[in-house]
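One structure is given below, represented as structure tokens, and several questions about it will come after.
Chains: A, B and C, in written order; residue numbering restarts at 1 for each.
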Amino acid sequence: MEFFGLTLPSYGWETVLGSAVSGVFLGAIYALVALGLTLIYGVLHIINFAHGALLMLGMYGVFFLWKLAGIDPYLAMLIVVPGGFALGYLLQRFVIGKASHGRDEIILLVTLGLSIVIENGALFFFSATERSVLVPYDLDGIDLGVTYAVWPEIAALAGSLAITGALWLFMMRTDTGRAIRAVARERRGAQLVGINVDHIFAVTFGLGTAIVAAAASLLAPTYPVHPQIGNLFVLIAFTVVVLGGMGSFVGALVGGFLIGITEQLGRLYMGESLGVITVSVIFILVLLLRPTGLFGQRSGQG
Amino acid sequence: MAGWLIIALALALAPLALGSGRWVEFLELTLFVAVLGQGWNVLGGYGGQYSFGNAVFFGTGAYVQALLQYRFGISPWISLWFAIAGTAAVGAAIGWLSFRYGLRGSYFALITLAFAEAFHVLARSFPSITEGGRGVQLALNQDPDRALATFQFNFAGSFLAENGFYYTILAVFLASAFATWRMERTRFGAQLIAVRENEDAAQALGIDAFRVKLGAISISAAITAAAGVYYVQKYLFIEPGIAFGTSKSVEALFAPIIGGLGTVVGPLLGSFFIHGVGEAAKATIGQALGDRPGVDLILFGTILILVLAFLPRGLAGLWAALWRRLTGGDGNA
Amino acid sequence: MLEVRGLSRSFGGLKAVDDVTLSVPRGQIVSLIGPNGAGKTTLFALISGFLKPDSGRVSFEGRDITGHKPHAICRAGIVRTFQVVQPFAGLSVHENIAVGAHTRLRDRDEALERAREVAHRVGMGAMLDRPASALTIAGRKRLELARALATDPRLLLLDEVMAGLNATEIGELVEVIRAIRDEGVTIFLIEHVMQAVMRLSDYTHVLNHGAMIASGTPREVTSAPHVIEAYLGHGAAARLAELEAGHA
């Protein structure tokens, strides 16, 4: 096969399918990282550039809980998820909300500033050394025929689906969820009916951070943590969010799987290095051609 | 204007006054970042289009400058025009795509980031052209007589060897500041600012916002590319991470935001301030804690947030306000 | 000079402008009135290129300008003001007006000079160095007008420039607008302030639910029963007539 002058290797269907299936597992993680981002976008209409840094912080949390207290990374969720919520709430309420004077382009810059502070804070305190959480079951798993899925991958997939479902239920069934949706639809109107918009913004940011902390738990057994790890996921998460439609939960899930599969197939056919460009190309094309994404309603002019 | 003559003169005489070495190195870095900042400022400060991927222009400029010499043996004095013009064209292309489809705000920030990332991957992925992840290493000229011809001052006479690149970046900076200063006083500049302030109103008054933004991104790209040219000549090396990584994109926006968006002096003021603070912090806190990395950037990020919160017009705005208070009038600083 | 033929535009199911046909003759002041939400601003947006029509044509001085870009339409000689004022908030009054002047003048000094003249003409001469963000509502409305005028238009579309002004200010602005017309600029204006409509317009169109329901001299249209009903609700014309009869 030829592709832009590159000769592509040809593979048997098992290899291709195997790649696609591992793309599904990878995509589950992307979807979960993107879920928090899209939730925040849907309500605050801003891209949170600190999202990757918060993921990294969550992974350090999981690592140190395991290293110092011997807590299993999945169990650590019980601590890092509430911790993430509290951190997110406080950041929005007392830093982002205060510093941005309610102007979208300033919020963008404030979250960028935050990401730099958090990332270099990690570098300063924890150094650039990669640290891995070691679990006894990280190589066990199930043989799916075309590929072999290890437990951490399966847990990530199941966790992503469960958390997306739980978030959806929360948004539909609880009063807080309804208030968040009201603010997302009509900021001014929500204010008029007595909803405390600043509080809802902070709750939303807290939820987004809690979700990314859950993602950190699910990632910790497979990815070593270092101060830059967030960057690995964040551009992909942006792509997922844009592809799925900014603010759409289903979009985040579908987008995550699509990107995961595309990336794995890209790697298979174009090699490790060039393979990842498929993500950037999708990103650029979606932004240009369909900035509302697959499931979104807002236009690209926000 | 008088202020600028004093700044230019002071900067030109600095190596004589301070002696070469640490202080001049500090000023050189300050000026380099001020050029990156001025490039960002034209589009972001004057045009209100916040790019998060200006590294794409730095990297393109640097790679064109390096590869034309490396692959074809072209003189650096010729290749630099290709680097600047070529990057301006890349800027126009990216702008054409982004602005044609009406991308603004978050979306524009994201797409510029995506372009930088795509170029990053491309530079890594075609070693037959770019030498891939290893980067391009230019041959070192050791002949003092050819220092000027090769645009390499390492073996030139001692003053030039020590200060040649300082004067290079000073010249680039003054050129970029002059260009920005001129731009402010043209129809194009007024229209660009109008687009930033209110795009609908600008269009109603006959401004082709698309063309104006396209012009701004091209100028932004050209200025940023000049910083890339300087970088390659000084270090004789470029690799994908340095060229297209996020750090250049971030440095480019720190200086003008902290110094004062949409002002000619902002990028210089901001760059001087953050690097001053950064050096001081590294020398004190960093040293005290065993020379660990990250201190300066923690401070930069914090300063950025504080400036956004409390000084929407940056240090230049603070200066103007203080000046007004001191002189009691509305004198223009 | 302006011809609008069968112009329509919907938002979702709502027909904001519905098959509107009208013309604005050179040198006149024509007004467009109608209740809130009638589609007046939408019609201006269609003429000035900010919205694309679903169907219908707009032509200006014999040339078709339907669907052209706003900046191109401005350069062709039609300029609009915004009902919700859109100042360049970070700039001074002088700089705001100069942006308009640059449409015809490349040179910075000439544009600033022209802006100064225009400012004096609309009574803003004393406010040149004020930041636009520091203006009162009346000031901002004038700034809209001044900026538009600085582009040297042949047709000026004014969207409720009198709203929110007191009686004295309205009186002043009426004179300013007359003077602009006398210098040869054709004017098409949306206005709720009936006193101004009556004093200024040579001709008036009435829009209701997107459709033109009446045209004529201001006196004719404001006494037409169906126009009164559009404004005040069903049966209002009859009640009004009774009232007048009672007084007589």
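Following the convention adopted for this analysis, contacts are C-beta pairs under 8 Å (C-beta built on N, C-alpha and C of every residue); 3 or more make two chains touch, one makes a residue touch a chain.
Owing to the predicted nature of the structure, the values given are computational and were not obtained by experimental measurement.
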item: Contact graph of the chains (line, ring, star, complete, other); value: line
item: Dominant interface by contact count, named by its two chains; value: A-B
item: Identifier of the chain whose CA centre is least distant from the whole-structure CA centre; value: B
item: Per Cα centroids, the chain farthest from subunit C; value: A
item: Centre-of-Cα separation between subunit B and subunit A, whole angstrom; value: 31
item: For subunit A paired with subunit C, centre-to-centre distance based on mean C-alpha positions, whole Å; value: 49
item: Where subunit B and subunit C are represented by their mean Cα positions, the distance between them in whole Å; value: 45
item: Complex contacts: residues of subunit C adjacent to subunit B; value: 48, 50, 69-72, 74-75, 79-82, 86-91, 95, 98-100, 102-103, 105-108, 111, 147-148, 151
item: Residue ranges of subunit A touching subunit B (in the complex, touch as defined); value: 41, 45-47, 49, 95, 98-101, 104-106, 108-110, 112-117, 119-124, 127-128, 227, 231, 235, 238-239, 242, 271, 273-274, 276-277, 280-281, 283-284, 287-289, 291, 299-302
item: In the complex with subunit A, residue positions of subunit B that touch it; value: 48, 50, 52, 97-98, 101-107, 109-111, 113-115, 117-118, 121-122, 124-125, 132-133, 246, 250, 253, 257, 292-295, 297-298, 300-302, 304-306, 308-309, 312
item: Contact set on subunit B toward subunit C in their complex; value: 185-187, 190-191, 193-194, 197-198, 200-209
